[in-house]
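There are two complexes below, and they share subunit A, which is joined by subunit B in the first and by subunit C in the second.
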Partner chain A sequence: MAVLTPELRAEAERIKARYPAGRERSAIMPLLYLVQSVEGRVTQDGLREVASLLGITTAEVEAVAGFYTMIRLRPTGRYVVSVCTNLACALRGARGVLEAARRTAGVPTDGELSEDGLFTVHEEECLAACDAAPVVAVNFANYDRMTEATVSELIEALRRGEEPPPARGPFPGDFRLVSRLLAGVPESVGAGAPEATATAEEPLR
Partner chain B sequence: MSVEPEPVTLTIDGKEVTVPTGTLVIRAAEQLGIEIPRFCDHPFLDPVGACRQCYVEIEGQRKLFTACTTEVAAGMVVHTQNTSELAHEGQVANLEFLLINHPLDCPICDRGGECPLQDQTMAFGPGESRYIEPKRVYRKPIPLSPLVLLDRERCVLCARCTRFCDQISGDRFIEMFARGAGQQVAIAAGEDFRSPFSGNTIQICPVGALTASTYRFVARPFDVHVADGICGHCSAGCNVRVDVRRGEVVRVLARDNAEVNDAWICDKGRFAFRAADGPGRVTTPLIRERGLEPASFDEVLGRVAEWSRGARVAFLTGGRLADEDAFALSKLARVAFGTNDLDHRRAFHGGLAEELEAASALRVTYRDVERAGAILVVGLDAEQEVPILHLRIRKAARRGARVFVVHSRETRLSDVAEHLLCRPGQEGAVLERLIEGGAAGSDEERVARALRTAEGAVVLAGSLLAEHPLATDVALRLSRRLGAGFALVPRRAGDRGALRAGVHPALLPGGRRLAVASERAEVEAVWGELRSSEPGRNGREILEACARREIDVLFLVGVDPLRDVPDAALARRALENVPVKVVQSLELGELEPYADAFLPAAALHEREGHLTTWEGRSQRTRPVRAPAGLSRPDWEIFAGLAEAVGAPLGFGSVEELREEMEALLAPREVSERPTAWVGAGVPQWLDEVTLFTYPLLVDEGRLSEGASELKAALEEPAFVEVHPEDAERLHLADGGWARVRTGAGEATLPVRVSSRVAQGSVFVPFNQPGLEANRLLSGRFTAAATLEAVPGGGEGARGGEGIAGPEAKT
Partner chain C sequence: MSEPVRILTGRWREPDTVWIDRYLETGGYEGLRRALAMSPQEVIEVVKASGLRGRGGAGFPTGVKWSFVPQDTGKPTYLVVNFDESEPGTFNNRELVERDPHQFLEGAIIAAYAVQSHTAFIYCRGEFLWPGRILERVVAEAYDRGFLGRDILGSGYDLEVVIHRGAGAYICGEETALLSSLEGYRGQPRLRPPFPAVEGLYASPTLINNVETLSNVPHILVNGPEWFRGFGPEKSPGTKLFSVSGKVERPGNYEAPMGTPARVVIEEMAGGVLGGKRLKAWTPGGSSTPFLTAEHLDVGLDFESIQAAGSLLGTGAIMVCDETDCMVEVTRRLLQFYAHESCGKCTPCREGTWWVVRVLGRIEAGAGRPEDLPLLDDQCTNMLFRGFCALVDGAVSPMSSSLAYFRDEYEAHVREHRCPVTGRGPGLVAEQGAREEAPAATTVPSWADLAEELG
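Take a look at the complex of A and B:
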């Protein structure tokens, strides 16, 4: 099943054309973001579509997609809450921040996705801001020096529909929108993708 | 490109060695006989340094180096584990690390006893592990295809399998997923490892992570007999090792030979090994009394000799005879029976190219292909016909060769080659335009220029080109014009040997022309005077003569005309009208109702012999077991028959036979003459579409019988492939059904719409389940055809699900 609308497929071709002839496969990351902006994640159909756009195998696409935590292969909420648990953050209490985030978001034990489908909470390897540890990112925008209390507040605010300002830059918007920005395709193109939140959580492969 | 790299001298473990610049330390050590343990390193794959096992100490460097990724330098002083405690410790520590998650299930692992991990742990590693925590557990095994199974917990992530698929076969179905702590070899969900080279990943896996479904839990290396053989499935001539357990072939492996198959074989060569052990095998001579009844060889040969005395006799063979058999047959027919009615071919192109090949006057080798600056492939789908040549062309492309393919269907070289698609039969015209240099601004002009300017160009002409009379001579002429090498690439293992031996109505051994007295005399000097100097009938003419009752005795040696000849109706008429049919083969098959006598032949791995590759390289194959039952090598049967008719062939052993062969089959110079080719002319399309066919690698062929896993993995049911514009014009839908009509018959087949096939032509595979395509043919592998949609099976009916299945009528 086609994931991309004809308009977005044309956009995908334009993305491909940014790369030198014979090196089109370099477009793999923006295309994965583009698919993610439609699906809110990247499904097998999405992987296949990227593969066919680039003329490579699905396995080659999945090998790349599976490496990057920004490309989500499992059902994903509107907000991806990444909690850094690497050394500096861990020493400053990241474990407790992670637990508080999971609790507030309502993520079941051994899962990532909140029961209401709004949040994905996961551990991140490093968010590159040790001076501001512990760091939490929401849809790739950092919130510095988090505590159990401030992370819970942050999640509650998101649930209320507020747009709490990150440490730097503007509020990123929902996960599909952010993926669209990362794909480098304006929001207006091919708008009208159905709004849906993830539901069932698939088992880890 | 022929510049030799500078030699470099270095010291390894106190010994000096001089190697070319760019050599890896691990290779230099091998030259000194120093073994450095390794898993990821493979001489035919690019270095990667993934397993970290080959640590060595290099003087003046602070850290250990991986010998498989480090190039030599002048004056370098290397210490391996033999002379460096540091290197030894590094290797021991790395092995302990690799074994942390390895299950150590050697007693139940297929690799046990021949496992590099097991062997190198014993030789170089720690005797014990300090790891006491629970090991990683995965669901197992995961079938990557019906042939290849994956046990992930055994994997050491050396990436040999994924690199093979990336660098060698180009079939990138498996990859490293979840790179990081959970990294594992995997295949995309819902996909199959559909590569005809998949089995190589099993053989190069240095642990038991990839195993073959055909060999899982079947044998241990110490309870098999092995012999070095040559694969008999095609003309590639792959060097193989055949494993026999309790008399049955259980496995075929590739042997390394950098001149021929590198370290690879195709999946057909690897997995289609049961034909000689199948229920259809007949190992007793039979004679028709009331029915076909067992008899002794002497009795059957005596009766056959009686029938043949003074009779009009003809011989047809297929492509599986060893060189010795073909030579003995050529002599038998001409000396003992005085007939030139013998042929091994399915297409009768004739011409100078064929004669040059028969005389071994053309010498293009795998190495020439590998080093070519440009390669032109004409009428050959190498992946399906001669798979290892396909890999060699890919290797050349990786080294920078420009590759061009003139064919009616895009081949799997498409990622490394440019295709010039043309309607079947028009290859000759394309070649002519290339000879002339191509019209200004055309693709042909560009291709012609690339071929002309390349260093060491090679032209490879396949059997689809040989389908058209003298078209191969145009390819030859093009190669002469370009100063390029030229080879005719036959498909079957015995084709080149039979052509050289003179299993041919007009050519004697060594390509000597029967009709030319001086050339005939060279053969007569060895064989004695030949009774006839008139060229005989070719394969098709033999069948036509049989049908007209102009032949009394027809010998069918390793051939089933009902299936092999591109005219099923003619084959049937021939068999119905020729009075005596003598079948010499491994099995009777569909010939059972026709055979008057049956002579059981030994299988390739049951006898001594040679096979000649498409290059003209004759390679020895050795038996791994005795001939089954009473079966004998074909040449022995021919010798027996010659005795029975009172005209002995004069050789009692393979050695004597080979002596005579060597005298007549030494390469000869052939004076070049202008070809009789008069030009392709202007194409005229009277037919709606041109149907063309050739056999795919995995099909219903006799030698693949019993290879159920291989067929499950790679065999496709019959289909008809149509170009999108033709499909639109003819109202055919992808996945729908079409009725295909030719002058010979009709068939209803699932439709594949694909721009892989040239416009105006449709492709039907020769012998897939559901259709023996020779029912649609009248002597050639192309035919004028009409197609119409079959509405009943139309919407939604897809190829694999057709319950009624394709049907064929004649």
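Take a look at the complex of A and C:
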């Protein structure tokens, strides 16, 4: 079954054209993100479609997709909650933040996906934001200096359909929309150029 | 209190310097103008004379690297900007892009001109959603104003820039793995030589530089190599952005001349150890560089001095642990990172990291045995320099150094079946360990199975 609409197939061709002629295979990652933006993950159908776009086998695409953690081959929530537990965050209480996130989201002890399918909560490696430890990212937008209480509030707010403002930049939207941004085609979802950044409001050192 | 030096962070104090108008008003793209008025060879000579060394971890002289890119191969030449920043504790590339993105873009354009590349890729870490969005805008701005595209500033030089997002794999920061990834394959390292300068992306000459390295370049073009050499020691000139995190009062990126004593950065700039506690251990350059201790606080933060003290400057990422932190736990958590991120290509790395996590976990859980310490020593020896790339050497760093400096702490865990620092016994740790993530493609027994298996 075709995953991409004719419009998105045209988008896929533009993505391929970013790379030198004959080097279209380089587009595999943005194409996987594009498929993920439709499926909310990448299924066998999606892998097949990327394979046909690139003229390589589905097995080859799967081998690549399986290597990268941001390409989700398993069922995935609307919000991917990544809790950094690497050293700088661990030293400032990430373990408790992770526990609270899993509890509030309702993730079973042996899994990642919440019972209502809304959240994927997982342990993340260093997010390169250790100054704001412990860090939690929701669909790759960072929330700084989290505690057990604030991460629970964050998840509750998302469940109510709110869009809590991240530390920098606007709220990125659900996992499908974010995958579209990662494919590098923000216009296709009406996301314009980013505006004035919240970075400048941070305390300056 | 020493006077702060602001070169790379010069625009950070002003809000709104992110976009191109403010960048131009504050002297932006002057370095590029100067570069385009010179021959590519002259630009390389200026950067060589500055003594700038790569900030991505290895410290290779930047101008020398540029001069290695051959000009007569008949193939296109590529510039690849390494913005995959994933070394634990490191966050200066991200802030450089978030606060002053045109600075490094200008440096990238100068680098591309110097090696006569007409296509540049910015490999942006996948998780950097917002920094990636900023890049999209600044690249578009640069095209609009004639700093990218055809006939840049009327010089006849053309350059296209493509932003390429990664998808979550630490190993893709390693330059040859990055190239595999950019070509659309699994991010696994390749054999060197041939070095990327000669045979890199699409088997063509390729220059790979880090974001902080490139951010220095416009300043060198504007102010000259002698000015640059006015900061820091002779062999490590310039300033460095130190990412300070963990148990300090004010975590953050701090710019200081190379060679600044660690004490100044940790105690003055970052406000000292959190809550006035005693410093126990710190990394000078991310988790892949051996721990140092309170004894080393007066060592200068530059490539040579840190190496003489038994560690590496790496990315300049200083993670601080205090007297209340258990070094076995700290080390186990870092090794878990390497086990997770090992690309799986070579056995000492793939299996070694996996086993070390188990042995460290056993000691941490109070189930360690006296022979575990020599076993860990042995594992270090069998991993160090036995992998295809430096990831496995990075994994050994925290382990061998914590074993060297905190051996008594490991021994106390084994002897007392509990942590001498936190007082935690087997129960607590086992509960925590049961949920640790498994290394890719391996079925990991639960902590309980493991305890049984290990006796």
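Throughout what follows, the second predicted complex is superposed on the first by the 185 of 205 C-alpha atoms of A that agree within 3 Å, B and C clash if a C-alpha of one lies under 4 Å from a C-alpha of the other, contacts with A are read in each partner's own complex, and residues count from 1 in each chain.
Note that in this section a contact is a pair of C-beta atoms (placed from the backbone, for glycine too) under 8 Å apart; a residue touches a chain by one contact, two chains touch by 3 or more.
Given the structure is predicted, the values throughout are model-derived calculations rather than measurements.
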Go through the superposed model and pick first if A:I71 touches only subunit B, second if only subunit C, both, or neither.
second
Quick one: classify A:N86 as touching subunit B (first), subunit C (second), both or neither.
second
By the touch definition at the top of the document, which applies to A:A63: first (subunit B), second (subunit C), both, or neither?
both
Contact-wise, after the overlay, does A:L177 reach subunit B, subunit C, both or neither (first, second, both, neither)?
neither
First (subunit B), second (subunit C), both or neither: which does A:I28 touch?
second
Partner chain(s) touched by A:L47 [first = subunit B, second = subunit C, both, neither]
first
Superposed model, subunit A: greater residue contact from subunit B or subunit C:
C
Considering only the contact definition stated at the top, list the common interface residues of subunit A for subunit B and subunit C.
63, 67
In their shared complex, subunit B is touched by residues of subunit A numbered 44, 47-48, 56-63, 66-67
In the complex, subunit B touches subunit A at residues 172-180, 186-191
For the complex, which residues does subunit C have touching subunit A?
9, 12-18, 76, 85-91, 93-94, 98-99, 119, 125-130, 132-134, 136-137, 140, 162-170, 181-187, 202, 243-247, 250-254, 287, 317, 319, 321, 325, 330, 333-334, 337, 340-341, 432, 435, 437
In the complex formed with subunit C, which residues of subunit A make contact?
18-20, 23, 25-30, 32-33, 54, 63-64, 67-71, 82, 85-88, 90-92, 95, 109, 122-133, 137, 139-142, 166, 168-169, 172, 178, 181-182, 184, 186, 193-194, 196-197, 199-201, 204-205
